[in-house]
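Common to both upcoming complexes is chain A, partnered first by chain B, then by chain C.
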Partner chain A sequence: MSSTISPSPPTPFAARLKQVQYFWSPRQTFADLFAKTWMEPAIPFTVLVALLLVFSTIVPNYASAYNAGSMGREFAEFGFVAIAMGLSLISGGIDLSVGSIFALADFVALMGFSIWNLPVPLVIVLTVLSGALLGAVNGFFVGILRTRAFLSTLVTLIVYRGAFDLLTLHWSEQMAMSSASSPLWDAIGNGGILGIPSDVWGLVVIALIGHILLSRSRLGWHLTAVGASPRSARHAGISIRWVLFSIYVVSGMLSALGAVFFAARLASVGSQTGDSLAFETLAAVMIGGVSLAGGKGTIGRCLIGAGIIFVLGNGLIQMGYPGQVTTAVNGAILLLAVGIDVKWSKNRGKAIQKSYVNPTYLDYGPLPDAREGSGTPYAMNDRLRGAEAIALDQVEGPEDIILDREGRLYTGTRQGWILRFSGPSFKTRELFARIGGRPLGLAFDKDDNLIVCAALMGLYGVKPDGTVFKLTDQTNRSWFKLIDDSRLKLTDDVDIAPDGRIYFSEGTTRFDMHTWPVDGLEGRGSGRLVCYDPATGKTRTVVHNVRFCNGVCLTHDAQSILFCETFGLRLMRYWIDGPRKGKTEVALDHLPGCPDNINRASDGGYWLALVAMRTPVYDVAMRMPGFRMRMIKQLPIDEWLFPGINNGCIVKLDADCQPVESYWDPGGESHPSLTSMREDRGYLYLGGLENNRIGRIKLTGVDPTWTGCDSYWGKRRAAP
Partner chain B sequence: MAGALDMVRPLRFAPRRQRAIPTLDGAYLPNDRLDALPIVGPDLVCPDDVAVGTDGTLLVSTQNRLLRLSGPELRDQAVVAAVDRPITALAPLADGRLAIGLNGGGLRLLRSDGTVEAALAQLGGASLRCVTAIVEDPARGGVFFAVGTLRHDAEDWVWDLMERNSAGLLGYWPPDGGRAEVLLDGLPYPNGLEVEAGGESLLFTQGWTHSLMRYRIGAKSSAAVETVIDNLPGYPARIAPAAGGGHWLAIFAMRTQLIELVLRETRFRQEMMRAVDPELWVRPSLRATGSHLEPLQGGGIKKLGIRKPWAPPRSYGLVVRLDAEAEPVFSMHSRVDGHCHGVTAAREAGGRLIVVSKGDGRLCACDLDNTGGRA
Partner chain C sequence: MRLESSEDVRINAAAGVAGVALPARTPSGLKRLTQEQIVLITTLVLAGIFAVLVPGFATVQNILTLLNSIAVLGILSLGAAIVIIGRGLDISQVASLAIGAAMAAVVMQAGGSIPWAICCGFAVSLAIGLVNGLVIAFIEVPPLFATLATNLLMFGLAQIFIVGSTLLVYVPKSAASFLALGRNVAGVPIPVLIFLGLALIVHLFLSRTRIGRFIYAHGDNPEAARLSGIPTRPLTVLEYSLCAVIGYLAGLVLMATLSSIDTQIVMGTEIFNVILVAVLGGVSLVGGRGSVLSVIAGGLLIGVMLNGMTLLNLGNDTQNIFRGLVLLAAIVGDNLLHPRDEETARHGD
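The block that comes next holds the complex of A and B.
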């Protein structure tokens, strides 16, 4: 081993320290967290809790049951209106008239109860209906006539407010003098169940129904779609007019419902009723994370925001500040919320993207000498230089290749096809199947079905007649991972145990076909070995956190599965049978390059393809996560440092997975990015991820009758 | 406040001195013209510089030998001088003598028969190990010379780049081989020289700042040096006059974003220099070898058997034609998939432009009727 090409790593202690330092990445957790939709209301929720804690400490008796009861009662009324406002915002509009509707509905409720002496249930129905009617006016303008929500509801705000002022002027005295009373009415206004005010119960029920409707029902989805993009919604066949109309009706009904509880509690109308509600609820839902742009928001967010505004206003009043202070604070919060809304929705994706890749410290150790004449099993030579080219320029990216019992050659291409070449010198080219995705690893099962790892799709099969069928596309979700990784994406290579269990690899769960080398630069390892059992139809992940799980091969004794850890530069063994069943161990470590596919050889050993060679500079970079991070951030991907993909080689391993010799195409003249090889009837066939050909060399001193299918499934011919 | 911001800026942003690599557009628009040129001369190993002798013949330095080329397509060669070290610079004088620079060995004045007349090994106590260019002073008869760096031999130039040195100088050596003087020092790798306006000023290229500079001889003040071209897309080598006004500028390697990043990343660079063979660094190179140990960049991955010409170049061939105002007019390229990389000199001789590709070890000739006419 020469010192010039094997950079000496730092001291073990320093290396260990760096490993620890870079083991967990807060940035990645941040990226994963903020990719979650439930994370967005988390911040307002924290603010709400903090506010409650602050007021509990500075306001005497704040945390008492009595105070909680009275606050809850007032909050619930506010909450109804906040939901009304929130829904109108989600629909892409705004309902400024919620306060006026609240006031008018309050008047209707008191009119019905105090003046007309109607029974309480009828009063409630009447009030809600009046709210629906008032909302329908908004809905007619905004939904049916498609006027601007802001102007239309501003007009109704003024009109309703005027009507309310006129009516109160006339009736307020009589209402105040009314002696009507009802236990039910009192229960609604001042009573409660289990110590919790009745209107809080009402709010909980409405919020739950609303949440389910919004997130799980057709109307809710339509509403969100209309809010997000009316044009797209219309193209999708959604009736915008109807959706908008109904949402303003619902908004009016919710405001009216709040007014019922308000009326029952106070039993009088004042000219101030519902005056600043529109403004306060707008601030509330926006701070809760409902976007002004529409299409984004939940009932929960509305209520969290309402909680903040309410607690803040209420707390300030309890501390003795005049109401004007509260208004000013609300204004400031609204400003803040608008700013956050704009900046956050614009930059969230960017922030996640920027913090997605988080390189870690990885010490590859001394670099095995693979130079020509070095005398190691990896020593460079030109044995692949004269490889016979098959299907030259007829195939794009034959990542894996396989031969069937008849000696026909199959490969997956970047177009998502499976091509079949047959005839004396493989001149006949057939489009065997169109799977889609990016077909990578191939294997034949005992019924001569071609099992294919179609990256971006999952595990598929092709029957001998070319019919495509799906085997599986998801596995069990990992515990303790924020991101749902159950969907299979970069399925890479596959092999089949004698009992039919299919073992296949997924390179990484974090990157896709175009960015897979980034997984190497990150060096964290999110790949996995997965097992699909056709007997039960179940898919289970058996090995986690592999640094790019690549080639998979069943050992000759069928006791274990060998799998390549491409960016871990090693070959691993997973025992599927025998005394060590379920254990994983290293089969071959410290490779001079990144292993890709592994397949059986006729002599009981294995063929291992190295898709890329380690370069000394890459090794240095892998020990410097900060450098890689800045490289990824500052440079375009074409400028990034990659392992040497233009130079690959094939390593022959013995039965104990120890290297014996290697086969090179120096400089990658015809076979750069060498990803796979298959021995068949005395020849070795070569495939490459980015290549325009399949190669073939004649092997000497091997069994000229040996084929992969026989090796796996015995020397029998499939039924014709 | 502004001062405080300035202190924070290097932490928050990359240093302000950092300049973006200009895109290859306009006069630098890529083409394959260098690859299309006919190859002339015998087989050469690492030809470095080219000059026209007083008798009109072509002189080429190749490793330890100085050759005179003649005959059809310059196939005939004669050894003018053989020295003990690789020749790094070359200038014929009007009186028939030759001035050469040697790798790690200073300057020598040779008589026309190749024997040594005078030698200059040191200047101001420092060894001249990296003479990169020599040019005769038409007024006084002595030679101006450029020393890339005082810290390394010419062949170890990449160390000087990676150490981010500014240790080069311009000097003058009188015609009698007497006491030499320093004109300018502390330069970031001066790498090419040309006398302008009958000896009133010097044009010189500065490798590590990718610039072309002018030095007014005799002007002592700081105004003596001015930048003519700032921010070239590559590392300039030698510069030579063009017939009809203007200049030929040889660019020996291109800048890449990764190299610029490595030059900013001190810790990475130091670790790379400590642990890795210089041939395998992230660096500009005269010729990429395609070795499996050489660093590979994303764009350099072969796809469907094709090495993309626009891939980030580890080595490249570029000759730029400048007009009389030193504005680039057009350029000749050998792109990443080309075979005329590492151009260290381009000089007119006998109505043709001789391009020296040190990286690929060849001379090419360009008919000036075709290309010079565009100037």
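The block that comes next holds the complex of A and C.
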């Protein structure tokens, strides 16, 4: 079987150039990339990696194992405190006292080890407990009494610092004189396992536990909820007070844990201990992407931010710059990073939205003459004017219609229902099934199950008794596409091969139920033809990058699948059997409008519905991507240029998919933008996406006994 | 219209801006007192206790010493109050104090005339305020974070370009007329006079001028203020600039008193004392509340406490702890007297 492809006119050079210019769209890549949630931590992470690379090229011996070890040791202490600060920010508050708690815990650890000579495990427990106690004071005020976190922890910062200064004044000399030693204590402070410092191991373990708790546990979810919106959290029955209390206790414990390693490493207390920790960790976690507004942040982000601040400060010192340069650079980077962060988080949605639609060059070729009396197969007439109305005002949006063996009429509606009309003039209205989504394409399988493409949900089936079952809602994810297209969204039409395999279309993977016409303006094509095999239960995408994949129809010889490319204005053929199996080709090009559904006719040909009509202006616009871009950006959507939808048109094709004649409702008085039609027992039934009725006209000169079910599955039995 | 209490201010600001009159509440008992009244009463009681228990407290000389000790803190708090009333926060105020003053001292050392030196320092401080204001108003960085960053940035830059790594700058002996700022006039220390004069000016500014009222409106409800036509962005820049310039004035006073300025205080906790003085007296961090009286009340309480403890021979660290504890009690007390309604509380208070 061969199909006729009309030769395209030679493309002028300027048009070719435009084609190339608009073939790739960096803007679209940008939009897809930044719509990803992993992009936010990815940016600071890239900065961190870049910093490490820069320093390892500038600073001699920076990348050596020794330097990495000593840096890791210092970083881990900082990392504990950064996590503590990060958790308090996620809870919607702030713990300014982390540095003072760190200092006091450092003192407690050295006191226990050097002066009281306690065993090392006891020292660790005692230190962490002291951190918990100091954190509990914060938690008591902020959580239980609900005072303001900023002020309360500010005061505890001063009080703890005062206590620390007082204590070190009395004890620092004795500590320095102490001769206490323990191999375990040295291992904690200076040793490691597998060449990795012990406190890095500690940090890894704590970070993993913390990550699981924060993202997978009840406490973590409650914490995020309280941080994001305390009022909603309270309404949901979460005990805000105890969640906040426990998070300040945890924050204190983490700071104390960092102090244990610090104490074991340095074995002395200085008045500066932990002095600038509050500022540095606050800066770190905010650079990592933990929001001051609360409810947003992860352990990973805290550590990435901590890494940046630490590597920067450490690297500048290793390069021999005095401390003040580090201070200035820290300040400048903070200001810059947060400025970008604020502007970005405010405008992210807008930026993605603005860059989401990227029109391309599309030449639709010659426009066939469809004027009345032009003598072409597309010539306008009024043969649908007298269509009989079925179910008038009893149905909302019968996008597709189908009749069963008994001659009952089924359709999907806007409400997500399948309605069934029966009786001599279809007066009996039954709610056959509630699927949900937006039921579009319909087909009967050989067991008389109704297979339904429910847009936004996937492929579903309805048994003759009305039971709904799911067939599939996802397919294989395509490689090299940023958008996750594994989930089926805009499933559109369906047909079934004799071996039971179900072929169905998905209009577009980039737009949804309310914005799909924009896919036409973009003209890039993100639709696909998908095949579900009930025998294996597997779903595979068979044809990619279709410009809105719409109607699907198995040819009469069951060798190929015809599918409509709505915004490519053509009918395509995908061979499922025979010598050309697996190949895709154009079956009918240069249509006068956008094809929607296609179904079998009784004479071996096909019926094709045109949902919208081409106009010369629309054709020109499709060759001007820049114009469409400006239109989308500068005009409200109701003033955009779309194909004309105020007509109803059905085209009759012969067995070779060539147009024979057409049926029009000029002006779309009762059947505008027809999307579907079915021939059954000498009648042609009409459905439209937005219509309030189903139409029916009597066909002349056709087999009055032909039905779709018989055509697919053979005559089985007479109507009961 | 006199603005006696923070409550009045809130109602007036809201009514003036949004055209909505809030129903007047008639609280009873303790709640009838405003926060600054409570703080003032607490201060008087504390002073009374000290006067009885501590010898040498209730003397004119000691009272003047007390006032002198809080003059710099008070001046700083006046600036901080302007920003906080506008629902902001300026962590970098001490930077404008120390770096501006250090700039002036460096110019004096280099032989510049005193007015020229003061102008140079003024320019540096104003620049810090402008950077804060512009970043907060136009880039919309949260104030806490923006001023934290400028604090670090300016401290680093000051060390690189102005003071070097010595951090401590002395005022040359030749600038005797400048050092006179730290002396007494008729027994009253000039810093105290400057504090009181500035308090009067800021009070008049906040309560009697249109821009002052706009600052209350801005802090009470920034969105409503913007929608009713107040240019909130330029206003924000003005708030932070004023804060920085007042900080610079405090820096000059401090430098005149000590004959030197130690820029190390930028990294210290002094700014927290400033904020606490303002907040203690009723300049709420939610913005739009409080007045100059609040700052005076908060400053006096701190001053009486510190002075009494010094006379009792308590060490600096002990004083810190005591002060912290009293402040914690004040915060909790405020919370009990004015509990937040969980349903209507603004997020991130």
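Throughout what follows, the second predicted complex is superposed on the first by the 659 of 720 C-alpha atoms of A that agree within 3 Å, B and C clash if a C-alpha of one lies under 4 Å from a C-alpha of the other, contacts with A are read in each partner's own complex, and residues count from 1 in each chain.
In this text, a residue touches a chain if its C-beta (ideal position, glycine included) is under 8 Å from a C-beta of that chain, and two chains touch if they have at least 3 such contacts.
What you see is a predicted model, and the numbers here were worked out from it, not measured in a lab.
A.B. asks: Now for A:V325: first (chain B), second (chain C), both, or neither, which partner does it touch?
C.D. replies: second
A.B. asks: Between chain B (first) and chain C (second), which, if any, makes contact with A:G520: first, second, both or neither?
C.D. replies: neither
A.B. asks: Between chain B (first) and chain C (second), which does A:S276 come into contact with in this model arrangement: first, second, both, or neither?
C.D. replies: Touch partner of A:S276: chain C, not chain B.
A.B. asks: For A:I158 in the superposed arrangement: first (chain B), second (chain C), both or neither?
C.D. replies: Touch partner of A:I158: chain C, not chain B.
A.B. asks: A:M631 contacts which: chain B (first), chain C (second), both, neither?
C.D. replies: A:M631 contacts chain B only, not chain C.
A.B. asks: Which partner chains sit in contact with A:L335 here, chain B, chain C, both or neither? Use first/second/both/neither.
C.D. replies: second
A.B. asks: Quick check on the superposed pair: does A:F150 touch chain B, chain C, both, or neither? Answer first, second, both or neither.
C.D. replies: Second partner only.
A.B. asks: For chain A, which residues are in contact with chain C within the complex?
C.D. replies: 92, 141, 145-148, 150-152, 154-159, 161-163, 165-166, 169, 229-231, 234, 240, 275-276, 279, 282-283, 286, 292-294, 322, 324-332, 334-335, 338-339, 342-343, 346
A.B. asks: How about chain B: which of its residues touch chain A in the complex?
C.D. replies: Those in contact with chain A are residues 14, 256-258, 261, 265, 267-268, 271-272, 274-277, 280-282, 290-305, 307, 311-312.
A.B. asks: Hey, which residues of chain A end up touching chain B in the complex?
C.D. replies: Its residues touching chain B are 4-5, 7-8, 370-371, 380, 393, 396-397, 517, 593, 612-613, 615-618, 620-621, 623-624, 626-627, 630-631, 634-647, 666-668, 670, 672-673, 690-693.
A.B. asks: Going by the contact rule at the top, pick out the chain C residues touching chain A in the complex.
C.D. replies: 135, 139-142, 144-146, 148-157, 159-160, 165, 267, 269, 272, 275-276, 279, 285, 315, 317-321, 323-325, 327-328, 331-332, 335, 340, 342-343, 345, 347-349
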